[in-house]
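So that we are looking at the same thing, I have put the structure below in C-alpha cells.
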C-alpha cells in the first residue's frame, strides 16, 4: 500500500478550475517529483495535499487515513511536513528557535508553563542535530533574518524536518539557488532520502531527474504523465508538451 | 532591530533583578509618593493599570493581535465586582472572582468571533465588539446604572483565615493591589518564557508556518484572548474598588485606544517591561503636564504621533538602542553551550 | 403599519447620511489600507469650520466681518458647506504626510497614528471652540417641518437625504467614469499596478486622503444640524462608520452604501419600538453578518486580513 495517495483531486477558486483531476501515489521511502509549467497548479496541489485548502473533490489517504479536508495542523501532526516556495520563517527570532518550534516534543509542551525553552538541553540538542543535517549548526544562535538566501532555503528545509515527519513536501527547494548551492542541496536530498519519504516540486530538470524515483507531470490541473525519469525522457509527447517549455 | 522574540536573558529564572526593583518600588510607594509631590491614590491607579496593561500585552505584543476594544473586559470586571457587592454579598474574594469570571466569559465569547482573524480586520472586529459592551453598559440602566454607572461600591475587608484587614485606606488597598500585581507579574513572566509564550510569538511572526508546524493556531489565539480578558477583569475588579464605582467610560473606544497608546509608548512591542513604562509615562504625563495645562492630552497626543513616526518601538526600544550603543561588540555565543547564554 | 412610515423614512435618511460618512472611510481603507481612526475628527472639523464660516465670528468687528454678516443666511450657509469640507481635506492632507513613515510597516502603526491624530484634533477643537454643545443653524428654506399624508416630516432631513444621494451619486460617477476613479480603484487592488501605469503613488495617496476627509467633512456639515456639535462627536460617528464598513465588506463602494442603508433602517425601525435601544440594532446586525459571512456583504479578500 502506498504511504501517501491522492485520487482525482479537484480544486476550484470561484469559476476557475485549478486542479481538474490530480492523482498521485507515493511509496514509502521514495522520492517523488512533480513538474510542470508555471500556473499548472503544482503549488495549489501541495496546498491541497497538506491541508491549506480543502479539495472540492477526490480523496487523500496518508498512512491509511483519509486526510482530505483536515485542518493543516491536524495533518501536520500525523507526520506530513512541508517547506514553502516563498520563504516562510519566523524572522524575528534566532535560527534555532525556528527549528525548536517545529519539534513535536516542543509542541507537546505548549501548555506546560513550568517548562523552559532555551535552557532545556534536550530541546536545544535536538534542534542542533536537525540544523547539523542542513549545515546550519554554526548559525544556530544568529537571527533568522540575518541569514543569506541559500541558508534561509536550508532553514526552510530544516524546519520541515524538525517535525520528524513521515513524508516531506518540498516546494521548489532549488528556487533562486546558484549552481553550487544546488549541488549541495542535491547532496542533502540524497542523505535525506535514507530516512524520509519526499515529494518535491522542482523546476530544475537535471536536479529532479537525478534524484526522483518517479515523476508526475502536471499540466492544466491534470497529471498528464507519471513514470520513472528514464521512461519520461523517452516519452516524446511529454518531452514536447512539458519539458520543452521548461528546459 | 530588536523584538520581543529576542532570546530572554533570564528565560528560565522565575524572578529577576528588574522585577525585584519594580516590586520594591511598588511596595514602598506609599512612603515616598507624597514626598515627591504626588498623591497616594496615584499609586493604586498605576498599579491597576499596569496589571491591565501587562495582561493586554500578552495579546497585543506577544501574540501580535491588535485589539482596540480591550477596555470592555476591564469594564465588565468592574461591573461584575460592583454587582456582586450589591446583589450577592460584600466579599472581596467573591467580588474579584466574579470580576475575573465575567470578563473571562465575555472574552471567550468574543474570541469565538475574532480568533480566526488577523491584522486590521481583527482590530476592526474588536472595536465593534468593544462598542457593543460599552453600549450595553450605558443602556442596561436597570443593571448598570446607565451613564452614571454603579455608585458607592464598597471596599470589602481582606479576609485570609482568621486575619481581617480593612482596605478603606488607600495605603492598604495599594498594598493589596500591589500584591496581586506581583503575583500576576510572576505568572505572566513564567508564561511568556515557557513554551506557550514562544508559541504565541511564533503565531505573531508567521501564523501560516505555525499552523503547518502542527499548532492549533485558532485555539491558541482564542485562549490568549480569553486569558488577557481575564487579567483585564481582575484589574477591573480592583478598579471598581479603587474608584468605589464602575462606569461605562472605561469601556469606550477612547479608553481602549489609550491603553494601546501606553503599550506602544512604553515599548510593549519589544519588551516585557514596556507596559510598565508606558503606564508610568502616561500617568506621570497626565499629572505633570496636566498640572500645567488643561490641554495635556493635546500634547500627549502630539508626542505620541511624533513617536509613531520616528521611533515606533517606544521607550523600551529606545533603552535597548542606548544600551547597544554603549555596549561593546555583541558576544558570540558558543554553539555548544546554549545554557550559558541564559545565565 | 402606516405609523411605521415616518420611522422608515427616518431610517432611510439616517442610512444615507451614514453612507456619506462611510464612503470616505472605505475609500481610504481601500486605497491606503489604513484604518483611519481620525475620520470622525475630519467629520467634526468640517462641521466646526462650517459653523465658524456661517457665524463669521472670527472676523467680527472688521470691515469684512460687517460685510459678511450682511450677507443672506443662505449664502453664508452655502459657503460653509464648501469651506468646511475644504478645511477637512487640508487636515486630511497633513495627516497623510504624517502617515508616510508608517507605509510598508505593520498596519498597526497607521491605526495608532490616526488614533493619536484623532486625539489631537479633538483637543484642538476643545481649545478653539470650547467644550460646550453648539448648534449649526440652517437657512429658513430648509428648516421647519411639513405635512404629508397626515404625517409630519422634517424638511431638513429631506434636504439632507437628497444632498446625500447627490453626493453618493457624484462619488460613484467620479469613481466609475473618470480616469482618476479608475486609478483609485486600481490602487485599491494593487498599488504595483498604479506605479506600473506611471502614476505617482504619493500624489494619489494625498488626493485620496484629501477626498476621503472632504467627504467626512461634508457629512459633518450636513449632519451637524441634526446631531448637534460637540468636540467628541468624531468618536461618536466613527463607530457607525466602522460597523458599516465591516458589515458591507472592506473597500466595497456598494457594500458601504447597502450596509449604511441597512443599518439606518434597522436603527429607524427599532426606534419605533424601543427608542433607547435603537443604536443597538446596528451592533446586532454586525454580529449577525460577521457571524455568518465573515467578509461582510460585499467583501472580497483583502490585504488587510494579513
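Each chain gets a letter, A, B and C, in the order it is written, and its residues are counted from 1.
As a working rule, a residue touches a chain if its C-beta (ideal position, glycine included) is under 8 Å from a C-beta of that chain, and two chains touch if they have at least 3 such contacts.
Not measured: the values here are computed from a predicted model.
K.L.:
Measuring between Cα centroids, what's the chain most distant from chain B?
P.N.:
Most distant chain from chain B: A.
K.L.:
By CA centroids, point me to the most central chain in this structure.
P.N.:
Minimum centroid-to-centroid distance belongs to B.
K.L.:
Report the inter-centroid distance (CA atoms only) between chain A and chain C in whole Å.
P.N.:
A distance of 49 Å separates the two centres.
K.L.:
Measuring centre to centre with CA averages, how many angstrom lie between chain B and chain C?
P.N.:
33
K.L.:
Give, as an integer number of Å, the spacing between the C-alpha centres of chain B and chain A.
P.N.:
Chain centroid spacing, chain A to chain B, equals 41 Å.
K.L.:
Would you mind writing out the residues of chain B in touch with chain C in their complex?
P.N.:
Going by the criterion above, the answer is residues 66, 68, 113, 116-121, 123-125, 127-128, 131-132, 135-136, 139, 252-254, 257, 260-261, 264, 295, 297-298, 300-302, 304-305, 308-310, 312.
K.L.:
What does chain C use to touch chain B in their complex?
P.N.:
Going through chain C, the ones touching chain B are 33, 35, 37, 98, 101-102, 105, 107-109, 111-113, 115-117, 119-120, 123-124, 126-127, 232, 235, 238-239, 242-243, 245-246, 250, 276-277, 279-280, 283, 286-287, 290-291, 294, 302, 304-306.
K.L.:
In the complex, go through chain B and note every residue touching chain A.
P.N.:
Going through chain B, the ones touching chain A are 1, 3-8, 11-12, 190-191, 193-196, 198-199, 201-202, 204-206, 208-217, 220, 333, 335, 338-339, 341-342.
K.L.:
Which of the residues in chain A end up touching chain B in this complex?
P.N.:
Spelled out, the residues of chain A in touch with chain B are 50, 52, 71-73, 76-77, 81-82, 84, 88-94, 96-97, 100-102, 104, 106-107, 109-119, 121, 124, 128, 137-138, 140-141, 145, 159, 162-163.
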